[in-house]
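Note that the chains are named A, B, C and D in the order they appear, and that numbering of residues resets to 1 at the start of each chain.
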Amino acid sequence: MPDKNFKDILRKINQFGITKNTDIVELINSLKDTGFNAKRLAIACEIYKEMVNAKNCVKFFGLAGALVPAGLQKVIFDFLNEEFIDILVTTGANLTHDLAEALGYQHLQGTLENAEFDDKILHREEMNRIYDVYMPNKVYEGIEDFVAKIEIPDNDMSVSSFLKFLGKQLPENSNSILRVCYDKDIPIFCPAFTDSGLAMQLGFHNQNLNLNHFKDMLDMVNLAWDAQVAGMCIVGGGVPKNFIMQSLQFCPNSATFAIQITMDRPEPGGLSGASLREAISWGKINEKAKYSTVISDATIALPIILWYLKKSFK
Amino acid sequence: MPDKNFKDILRKINQFGITKNTDIVELINSLKDTGFNAKRLAIACEIYKEMVNAKNCVKFFGLAGALVPAGLQKVIFDFLNEEFIDILVTTGANLTHDLAEALGYQHLQGTLENAEFDDKILHREEMNRIYDVYMPNKVYEGIEDFVAKIEIPDNDMSVSSFLKFLGKQLPENSNSILRVCYDKDIPIFCPAFTDSGLAMQLGFHNQNLNLNHFKDMLDMVNLAWDAQVAGMCIVGGGVPKNFIMQSLQFCPNSATFAIQITMDRPEPGGLSGASLREAISWGKINEKAKYSTVISDATIALPIILWYLKKSFK
Amino acid sequence: MPDKNFKDILRKINQFGITKNTDIVELINSLKDTGFNAKRLAIACEIYKEMVNAKNCVKFFGLAGALVPAGLQKVIFDFLNEEFIDILVTTGANLTHDLAEALGYQHLQGTLENAEFDDKILHREEMNRIYDVYMPNKVYEGIEDFVAKIEIPDNDMSVSSFLKFLGKQLPENSNSILRVCYDKDIPIFCPAFTDSGLAMQLGFHNQNLNLNHFKDMLDMVNLAWDAQVAGMCIVGGGVPKNFIMQSLQFCPNSATFAIQITMDRPEPGGLSGASLREAISWGKINEKAKYSTVISDATIALPIILWYLKKSFK
Amino acid sequence: MPDKNFKDILRKINQFGITKNTDIVELINSLKDTGFNAKRLAIACEIYKEMVNAKNCVKFFGLAGALVPAGLQKVIFDFLNEEFIDILVTTGANLTHDLAEALGYQHLQGTLENAEFDDKILHREEMNRIYDVYMPNKVYEGIEDFVAKIEIPDNDMSVSSFLKFLGKQLPENSNSILRVCYDKDIPIFCPAFTDSGLAMQLGFHNQNLNLNHFKDMLDMVNLAWDAQVAGMCIVGGGVPKNFIMQSLQFCPNSATFAIQITMDRPEPGGLSGASLREAISWGKINEKAKYSTVISDATIALPIILWYLKKSFK
């Protein structure tokens, strides 16, 4: 840390203005020279743009949290469809909810003034709650009907191969993450797949199923190994964050770009909230990397980043 | 809580899209029907617009946190200049930093990759740190020179009267909060004024100064009492939040609109993170109020709200 | 929610005292009648004691976070050794670090005043950082040597069967979680096992390994199904929390006791911070359950709970 | 930062055990050599003990948050009564609630399973909520009756002089913070006094009251100036934290010991969550200080620290 020359580094904070004609690129450019999380969000946008522009950069995207229920399915779809993501690592929950929407089911919302329904009554009425989003139990029945008809080509295929196969079964022209990854040939990894409603249905209907999680692990390491330049965008921590990180740890080229959007913090010591700088000690992010952690709800930060990228690459 | 009829209330989550031509009003309208904090931010925007439109609504604005150092002086200036705020309650720190910028001093920023200067070296070099913002000690000297020349008209005047007097001394056409409040005749309350660098300088130079804090308290209660409709926007909690809340508690009309932007949470039990719903039990917010708490860094949420308001009232 | 009769429920807050002769059971009893997280911690202790006392109660324990590196290996060992846990669900990271300690390696700590080492230098010196804990890279080499010699009995065995086999290889009389689970015949589930350093070493050395994660999933559902009474203690959220929850969702008896210790919060919408009350809507926790979420660093709360239990059952 | 010699600093993490005979001093000694917040809490205990032992050390204690309603009045009383505090800086809210308890009123609690009363009904029944603590409106009436009878000796006295006078009016042998500070001649500062229910009642009944807040500010600076050794324990941030910090900023001896217990974090940039290290850059804490920030609910950490101190100084 160049302690002695901080005077060479420090620059004026920008007391920026906003007009009704401000556009998103201009706003982000203004925020870049401020402080706190506005600055970090702006720099995250800038790093992401640079990742997209960088020749041969493999863009890893780690997605935890219940973003599909919260209404961000199309936003994530667009990240994939615009090729802002090369490799997706996510949770079984996100895929379960993506499948539900792809099959025509919907998630529901309340109002802020009536935010506190009695969970006992919700239970009796078979309405599952995810903070302020609701999913009727009957969605599970729809998923079960769908799963029951699937003929899995190989009980020992990797999870990512299975997810590609699954995406192919889904309607074209939907906003499905699974479908667009199939269409665009973008690998989806889901290391904790059996920790999901979708996997439970699959397991109940296919007692011999043994999707090969170790093959996924090795495939992921190979993809990381082959990346001449690696970048990562981590949303919400969890298993997706670590799975991307561990794959890059022993590679010739660790990550050169890193973005993290999370509400978790370093002090409790868990990986979800760990700083990106910490990952340098492990060799997961390289010493010369550009990185930015944005402490923000992803439902606010992700749409802004997408908007900035779409406008930048119009 | 209308537990039995939740089915009448629940509506579809909006899986919204973004294009390069999206504008801020359209984005907020999309987010309104999602979940988590994106929804809450969108509803906060909508409530703020409604406050501005509401006839006779007195808009209280509580501002804690170091937003001027972080580059939001002009954003707050615009909230005042556009008359989105009728009564400002803030901290001595924000006023101290506002004065510094008004006098031509600047706050400084580092880079994310060099974010961790040694505070011991910063101290030796007389550079004060506010997370990732920096303020040279010499700014204090500039404030002292300014304060030493002020002739306070009345040692027993209220803090808000003094702050109005102070605003008048500052350059026209600056982005100063103090100056625009003078120009627009917007009262500024600062209940913990003596908890600030500005007040320390004033006290050192005026040993007989006894600004009347109780007069402020009573003036504020009278303003709250006279409000036919009251609305509040609380940024960051702290004393400004409680001071607005306590003033409305015993009034004929408690708040009808309430917005809160904070990173604090209810569980530790402090007022800063308390839910707005809790304020209903105290009679500070009324039973039919519209309200929204956004868990977000204010440096991200406030510019978005301002942008939305400017575009909505173009 | 029995809104009308809150007056029947409310009791006096206990303004409790502490003496040098206070003991842990007395302290917890005092805190039970206070507010905020002290109360919640006290009630968590009480619920855990009740779980241990309850006849036929199956105690599920979800363990995320880096607690072994932080020095809590022996605390978790004791929870297992005292039979306060019947089924453990954890992360691959915790098992990797447990194995390291069992093989004689150590985790390291700095001092608070020298808490900010340069991660670039740590990297060059092959010292991996976990917030304020450090692990030399050579530990991985030791794990690799161990793993290279293991002869896995069946490439298609479940992860939990493998972990039992692994525990058997470890030194008796160590404080190892893996070993005590073998000794006590306590099943360990690790749904995201391939998301760990241990699994990577296993995969590199055994290209045909395909531990059957679906078998684990079904075994876990069967254990949950058979539980006449179910209780859960969730530390830190993540995959272990959801894996326990999903297993109980469709069972005849969902959880009757539930404790959660976490720094995560509900507002970002992820499962880690979700309230226990929310799980009632899903049928994972039953309507008459006793539950308590403690917002606390687990390194503080877990030793207190263990201490309370040991003293209560002396 | 001594980056090069981290190897000289790093020591083994202690995988500590707990028995039913463990006592609090032994537990804290064990936690000292762990990681995360357990370590920080243990070091906070140790620093506090050292502050008490240090000859001529003036112990400043900043108390924000609603700890009296939560049941910690007697804990804070004991910190004062045992002379673990030399100067108390607190909020008007804590003093209002302390007065209420001293006058014989009580705060109330619910149960965790019935934690979500309807605030509208609470309002109609005149029951004010503070997270999970409740205070009937009639307490305000009792405070008003008390306040109406007080004959304030001097309208222009400082707030701290008034609080001393107030303490004298309260029953001996109560657990009142105000009373024990009078008995022990411990100054109480309350920079935002007019931001409280107590001050509102005083103001309503004494229209000429103008307690001299600037005198408090100067008195506090003088006390800080005279401290040969200064230590601070900051609970919860807010105005009390800054008021102590600003008083020490320009003194010959800034703080040599510093403890902070808070759930706030640095990233949003506010002072409440600012690291203690940051205060070194300002000269509020000195370069050689021992310091520890504990991210913990104060209702858990404060009783533990008191218990440790009582046992250590038995």
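By definition in this document, a contact is a pair of C-beta atoms (placed from the backbone, for glycine too) under 8 Å apart; a residue touches a chain by one contact, two chains touch by 3 or more.
Remember, predicted model here, so these are calculated numbers, not experimental data.
*Asks:* With chain centres set to the mean of the C-alpha atoms, which chain is at the far end from chain C?
*Replies:* With centres defined by C-alpha atoms, farthest from chain C sits B.
*Asks:* Between copies chain C and chain D, are the contact residues mostly the same numbers or mostly different, with half as the line?
*Replies:* same
*Asks:* Centroid from C-alpha atoms only, then distance chain A to chain D, rounded to Å. What do you get?
*Replies:* 41
*Asks:* Taking the mean of the C-alpha atoms as each chain's centre, how many Å separate chain C from chain D?
*Replies:* Averaging C-alpha atoms per chain gives centres 33 Å apart.
*Asks:* Could you work out how far the Cα centre of chain B sits from that of chain D, in whole Å?
*Replies:* Here chain B and chain D have centroids separated by 25 Å.
*Asks:* Could you list which residues of chain D touch at least two other chains?
*Replies:* Residues 1, 3, 35-37, 69-70, 116, 118, 122, 127, 130-133, 263, 265, 267-269, 277, 295, 297, 299 of chain D touch two or more partner chains.
*Asks:* Under the stated contact criterion, what part of chain A meets chain D in this complex?
*Replies:* Where chain A meets chain D, its residues are 1, 3, 35-37, 116, 265, 267-269, 295.
*Asks:* Which residues of chain B touch chain A in their complex?
*Replies:* Chain B residues touching chain A: 1-4, 6-7, 9-20, 22, 24, 27, 31, 33-41, 43, 69-75, 78, 101, 106-114, 116-118, 121-122, 125, 127, 130-134, 175, 263, 277, 290-292, 295-297, 299-301, 303, 306-307, 310-311, 314.
*Asks:* Spell out the part of chain C that touches chain A in their complex, as residue ranges.
*Replies:* Against chain A, chain C makes touches at 1, 64-66, 69-70, 93, 118-120, 122-123, 127-133, 156, 191-197, 199-200, 202-204, 207, 209-218, 221, 236, 238-239, 242-243, 246, 263-272, 274, 277-283, 287, 297-299.
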